[in-house]
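What follows is one structure encoded as structure tokens, with my remarks underneath.
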Amino acid sequence: MTSVTATAATPAGTLGPALTGVVPPVCTPLTPDLEVDVASLLRLVDFQIAGGVDGLFILGSSSEVAFLPDAHRAVVVDTVLRHVGGQVPVLIGAIDMTTLRVLDHARRAARAGCAGIVVTAPFYTRTHPAEIERHLRGIAEQCEAPLYAYDLPVSVHSNLDHEMLLRLAADGVLAGLKDSTGDDAGLRDLIVARNDAGLTGFSVLTGSELTVDNALRMGADGVVPGLGNVDPHGYATLYAHARAGDWDRAASEQERLLRLMRIVRAAPAGRMGRGSSALGAFKTALHLRGVIDHPVTAPPQIPLDEAETAYVRQILVTAGLL
Amino acid sequence: MTSVTATAATPAGTLGPALTGVVPPVCTPLTPDLEVDVASLLRLVDFQIAGGVDGLFILGSSSEVAFLPDAHRAVVVDTVLRHVGGQVPVLIGAIDMTTLRVLDHARRAARAGCAGIVVTAPFYTRTHPAEIERHLRGIAEQCEAPLYAYDLPVSVHSNLDHEMLLRLAADGVLAGLKDSTGDDAGLRDLIVARNDAGLTGFSVLTGSELTVDNALRMGADGVVPGLGNVDPHGYATLYAHARAGDWDRAASEQERLLRLMRIVRAAPAGRMGRGSSALGAFKTALHLRGVIDHPVTAPPQIPLDEAETAYVRQILVTAGLL
Amino acid sequence: MTSVTATAATPAGTLGPALTGVVPPVCTPLTPDLEVDVASLLRLVDFQIAGGVDGLFILGSSSEVAFLPDAHRAVVVDTVLRHVGGQVPVLIGAIDMTTLRVLDHARRAARAGCAGIVVTAPFYTRTHPAEIERHLRGIAEQCEAPLYAYDLPVSVHSNLDHEMLLRLAADGVLAGLKDSTGDDAGLRDLIVARNDAGLTGFSVLTGSELTVDNALRMGADGVVPGLGNVDPHGYATLYAHARAGDWDRAASEQERLLRLMRIVRAAPAGRMGRGSSALGAFKTALHLRGVIDHPVTAPPQIPLDEAETAYVRQILVTAGLL
Amino acid sequence: MTSVTATAATPAGTLGPALTGVVPPVCTPLTPDLEVDVASLLRLVDFQIAGGVDGLFILGSSSEVAFLPDAHRAVVVDTVLRHVGGQVPVLIGAIDMTTLRVLDHARRAARAGCAGIVVTAPFYTRTHPAEIERHLRGIAEQCEAPLYAYDLPVSVHSNLDHEMLLRLAADGVLAGLKDSTGDDAGLRDLIVARNDAGLTGFSVLTGSELTVDNALRMGADGVVPGLGNVDPHGYATLYAHARAGDWDRAASEQERLLRLMRIVRAAPAGRMGRGSSALGAFKTALHLRGVIDHPVTAPPQIPLDEAETAYVRQILVTAGLL
């Protein structure tokens, strides 16, 4: 296999051991009475691993982490970590508003034995670059697991400064980044700066699931694709093509996945939020594919109706997934 | 006493029993090791009640609710409710991202015996008016305490629709609103519509602490002033003047409080977020006034330094509070 | 007559001669082939003056200045200034993206003999506080007419810093401000700071047409109400009550105007932009009242349809204006 | 030469004749007294053409179009079109707030004989998708030159809907798009949809100058790089490598240009706006390279100081351009 470092312009250097490849943010199946559907969750984890993913990210945005009470989060962590048993690394999101609240989640995650904790900038409160840095340093000091920063401006309404990220990488505070900014130029700038600084052990994962081939060519280490829930094999294939230097096949697979992604537009504009529509579509697709028992999303999200479900089904058929 | 309904243009109708007057969002004093400073909290509560406030709002934004782990929140609820013992009504914020998480807080608050639960629109997730309505209805169905909506776009990045608020008021879902939009024209439009609909039992409280006299003239039922922590007597005086129809004295008192509010600009632009500066200034002022033992704010907020503390002190002196 | 300075908390000091009272931003009537409808414009100006306004603001946002080519702007300036002939002061908007473009408009306006030029912060380009100050100083240096700053974040996506405004007032750069931020707390803070600095010749006009009584009580010098196009007499009445210290009558009139303002919601949400709906409603109302010949708005605004026109008519009837 | 259509996943179909390749948005050199520096402009145009560009875009954002009065714009159009004399196609920006104002510019541009007119969504006014469509259709109806839409949310604060763009392409209203959203996933979605619809004559040009290789692989037709002013040869080389299917060399060249792009960070954060810094750096670099006589930018932009100029010089030296 020709690695990407041989063909891409940016030599990726020595990657850290933990985090490369396809790391889907695992959906959290729910029962109709809004408990974690453990049986479905186990099937979904098996489906991901059988699909060839390189790791799992639980309690991320696609996991409806913002919708899950702490007790649900605990069930997810316990269920997945026990079931995976070290087959692949598992990242856990510690998503909450500010440092002390995040630490509560992060400590529980660290105790569970995960491969890394994923945290965003503070939200709800108006934040500031100096406070974001203080936040990340504060969490790292109090928590033993490797720490990954999550750049997600659509949710937290601030961005992570790239100089700060590399400073924290150099100081051993951060193990990596999940970049969900959608800003591929910024991603490239960060990767070039990272490589120039010799910080290639700092994993850069893109959350932009429609330009994964580009991100990997630019030197990203992996991808955290929400759509990977529905088609993990597709993303594993894309990644394998990229790692083999077969960029045309990678692009073809990426375009197939781009067409599949249109399931997130199931709901007509204005009937619900885009989050409801996207998470509803992922779960509906998993339900139609027989992986999970119920397409239930947590309140106050609005469920897809029959026509919207039929729309998802049609795209799955076209994509050869049904 | 001449009530405001006699002098203002908008007859306020039959107010609900619970919520009128000055209801400060009580700061949460912390110890240097970041635990709730219970002794200081008790003193602060006594200071508020002695200052003449009509109610207390705990676990609101000025309480650093976004910074407090659940265990801290529980201590605050327990401490304050037990100590107040029904002297004044106590509202409790149930601030979290979405319905199920909010319900965990709301149920605990309801069990504690509060006068009302305060909740925002969903945040972190991208939301939608239909989801906000579903959120509020879902919480009200599952929680016995009166429910107050909290319109706080600076934190949650969406607004509450006024027609929805009045629909929920008419349906008995909502008992009131805390309006922290800063949009006094919108506030007036809501109050006029509320009065036209005969829904005057729906309490409208303004969070705009610098235009309280205006809000009361327009028919608002009360105010939730963050600055009230520092000078509860000032807001009680303002409110009393307003209720007596002495609008010139109310305006004078409001202008005095406006000058006091400049403590929130203690930190130079760019050194920290505006939230850090404001909450830091409130706590520093309370510390300087001898009400709380430490001016500590929760991480990742940046503490005021000596010069910033001196700035706060100078304003307190000028205001006659030191 | 008891002036506001006798009853309000803030003594207004020595006001500048030019700009107090009701200064409506005059709509620009158009013909069906999108030329300036001069006859209608003259009638509209007469209607305003007969209604008792204290000044006129042409080429502001409510004048569709953003929609008018330079030739149209010239016709408006020439038509109005010649017709008014000094009966009331006329302000002219010099609305364009940056300094040199604004100067082209400002010089033409100054040559026409207006009472003042109104300019916003730069827009389209990403701006900065230091550039905004440079912009305002640059225009003032090159243009002899008194300069008014226009704080309009909804259009220009930045705010004017209050310390800068007062610095420019002290330096003789600015004669006043039109505040269309909708932030009445900020407005009060500015007015208090202005008065404390002895800069009461710096006119502060509010563009918030639903809280005019409040603004006047707080010490504002006047109002620039878009809705004044439709009911200039209403705003003149409100202003007179305020100046007479009869705040209850002022509030009643303001509430009547607030109900009239609902014409701007003529179009159902989602059918057009809020600007189209508001300007369309103002012009439709003026057409229905017989003041202008056509309710035409400039492209690409969407015209009100029959149902929306009927809605406007109904509100006018209710308001006693038809 | 192996065309990109042979190697990329997306067959590019039949491209329109006009617009492929590197089309830099040409800076507008100014004299110290803020007139168009015609001699420098001619040298800059020659420098671009000698550098191997495929077209020129005048009066775009990098041309400081927002800062140029109409008389300056006319000089630029006249100077460039006469000088180029058909060697390469020239696009002209018709940047103004709304339809009638844009039409004034567009008609002048069409009369000058350009290859296309470039227009944004309405700005300053609050717009709406239906109004944006009406705007573009209205301009196309009144103007004979091919029309290109310019998606530039950072300036106009709205986005162009992709379904609308393809509808307008199918209807012959639009000849192409300049995409300056920075959203490469969205760009790919548009290109795939365009190709699926057989609308490959609709030119898609990216304005994201740091991911040009990616955009071309995804099927974009060309690039409009602001940085191309400083190094047109670099972008021409990048494009040639891409068209030859040599993606590794394309990526290397792109990374070199990415490092060069850091000149836009010449000014420390907070001293000026990012636009001032970027345009100042482009002009300073052109001045240092001897192409233009003055690094002057239009007011109210803040000029780079000595230290900032030295920073630009250092990067040019490192990049081998000095």
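We call the chains A, B, C and D, going by the order they appear; numbering starts again at 1 in every chain.
Here, contacts are C-beta pairs under 8 Å (C-beta built on N, C-alpha and C of every residue); 3 or more make two chains touch, one makes a residue touch a chain.
In this text, all values refer to a predicted model and were calculated from it rather than measured experimentally.
Student: Could you run down the chains that neighbour subunit A and subunit B together?
Tutor: none
Student: Relative to subunit C, which chain has the most distant C-alpha mean position?
Tutor: In terms of C-alpha centroids, the chain at the greatest distance from subunit C is A.
Student: How many Å are there between the centre of subunit A and the centre of subunit D, using C-alpha atoms for each centre?
Tutor: Centre separation, subunit A to subunit D: 34 Å.
Student: So the centre of each chain is just the mean of its C-alpha atoms; given that, what is the distance between subunit A and subunit C in Å?
Tutor: Distance between chain centres, rounded to whole Å: 49 Å.
Student: Which pairs of chains touch one another in this structure?
Tutor: Contacting pairs: A-B, A-D, B-C, C-D.
Student: How about subunit C: which of its residues touch subunit D in the complex?
Tutor: Those residues of subunit C that touch subunit D are 34, 61, 66-70, 72, 95, 97-101, 103-104, 122-128, 130-132, 134-135, 138, 154-157, 271-276, 298-302.
Student: If we count contacts the way the header does, which residues on subunit A are in touch with subunit D in the complex?
Tutor: 7-10, 182-185, 188-189, 192, 208-211, 213-214, 217-218, 247-248, 251-252, 254-255, 258-259
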